[in-house]
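Each chain gets a letter, A, B and C, in the order it is written, and its residues are counted from 1.
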Amino acid sequence: MRSVFIHPTALVETKDIGAGSRVWAYAHVMQGARVGQNCNVGDHCFIEIGARIGNNVTIKNGNAIWSGVSLEDGVFVGPTVVFTNDLWPRSPRLPEAGRRYSDSKWLVRTRVERGASLGAGAVIIAGVTIGEYAMVAAGALVTKSVPCHALVKGGPARVSGWVCRCGEPLHRKRGRMVCEQCGLEFKGARGDVRPVER
Amino acid sequence: MRSVFIHPTALVETKDIGAGSRVWAYAHVMQGARVGQNCNVGDHCFIEIGARIGNNVTIKNGNAIWSGVSLEDGVFVGPTVVFTNDLWPRSPRLPEAGRRYSDSKWLVRTRVERGASLGAGAVIIAGVTIGEYAMVAAGALVTKSVPCHALVKGGPARVSGWVCRCGEPLHRKRGRMVCEQCGLEFKGARGDVRPVER
Amino acid sequence: MRSVFIHPTALVETKDIGAGSRVWAYAHVMQGARVGQNCNVGDHCFIEIGARIGNNVTIKNGNAIWSGVSLEDGVFVGPTVVFTNDLWPRSPRLPEAGRRYSDSKWLVRTRVERGASLGAGAVIIAGVTIGEYAMVAAGALVTKSVPCHALVKGGPARVSGWVCRCGEPLHRKRGRMVCEQCGLEFKGARGDVRPVER
């Protein structure tokens, strides 16, 4: 069985990390975090207790994956993506906000589905689901859920196209969308684009 | 007296840090920085000489608090908020910019007042004051001062609502704004909303 | 000869780093990266194999300089600038994207020319050139190349003014643009502003 690689400067406190995963310099994976097999956690990342990370996930440098965030298999998190898990945050140490943090109702979850990509510097507002194989452009501000295979851009992010499982942008030709790399054909429109099953 | 907790991988060079404060993994607090009591400084933060941080402040991961930035009591700094202190930056090592950095006139201050919250990934342009209990939305670009209790969003950030001390959004009903959580009543409009004193 | 300063918590694996350069806390410079003389690499930075950094470059905290990024002499990289080098990223561990990462055609380069400044939190889409002495505003999203001496703002970033070599904004008076700090005179307009040669 392939072992877990932990860089000498990294700190991995969880036991729940799968074979073949690698954790790079100055990264910190807390006790109680779950990381699957064959993942890559870049330098200066932080994985919090309660975060759930599938297999084959690539997390580039400088990311914090908070409690309440789940990344399914094959997700890509670009550099310095910013996740959140509280919609109306205050310092829990501020007496005026003490009641808000007396239980965990403040915690709002985020789910990133299989094979999706989050571009560099994107900000993800808690409570959304990012659909399978979706792609969030670099610098986008995601305030609502993203359909499967959608490319979203801007702030707030809006659908501006569609992408294949492999990452290639899809172009509609004579009413059909076919990936020029994979040959995979897609059907549907707007919020519901998916591969044609054969 | 409660002591200061310093994570084994962190580096705290200042002596000026208050009881009960905690500094987490791979964070660096420079000599000459001032940190109050009962603060929380997340992983991978940097607090520079000349930064001033009050009591009960929560600084989430990946923040750099520069010289010239002051955070008053009870402030919340979300993950990867980006502060600045130079409006027209050049590399000080670039000979053509040497004169600019021959004194400290380039340094522009930022003040975040009591109980305010800065959302994840917000960028704060130096020279602004963020008023008491204001809330900057995640991903906002703050280019001018923010009134007390204001919620600001977007780039450049604009007022889009009002929030209570406790963090709850305020809604106007029959001309009155009352927090549904606290019962606190607010008066005023536009740039000047504040609690009704009783 | 001045030596290289490496903070005790930093990790510098390259031999190709010039005299007088300094690498600060928790920063990581990989083997195969090239860093010139008299540079400053801030806390929590990462310089990847294949990155090329000239002399007198200032890289503030929290930056990752990827393979494919080159920073010429005298460049300023503000805090938490986000570079990219892949326009359609997927997790290379995702089987559906395996072919995309079987060679390095995915890698797209970025060039930042002499004396340019990248403001805090800016996101730079791979494939662009940022011209000499240009200035990217904090929080900007750069999606296309930036002319020399241009100030660009917003998302996507657009030209909103011009700056001198020293960083001062230029103002047009009676058809001439002269830097009030340097006295340097500029000619041209729109995409082609440059100093008058004497």
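Basically, a residue touches a chain if its C-beta (ideal position, glycine included) is under 8 Å from a C-beta of that chain, and two chains touch if they have at least 3 such contacts.
If you're wondering where the values come from, they're calculated on a predicted model, not measured in any experiment.
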item	value
Copy-to-copy rotation for subunit A and subunit C - C-alpha atoms, rounded to a multiple of 5°	120
Homomeric contact subunit A-subunit B: same or different residue positions, threshold half	different
Distance between the centres, which are taken as Cα means, of subunit B and subunit A, whole angstrom	26
Residues of subunit B engaged with two or more neighbouring chains	26, 44, 62, 80, 121, 155
Residues on subunit B engaged by subunit C in the complex (per definition of touch)	11, 26, 28, 44, 46, 62, 64, 66, 80, 82-84, 88-97, 99-100, 121, 123, 125, 141, 155
Residue ranges of subunit A in contact with subunit C within the complex	9, 25-26, 38-40, 42-44, 55-58, 60-62, 73-76, 78-80, 115, 117, 119-121, 133, 135, 138-139, 154-155, 163, 165-169, 181-182
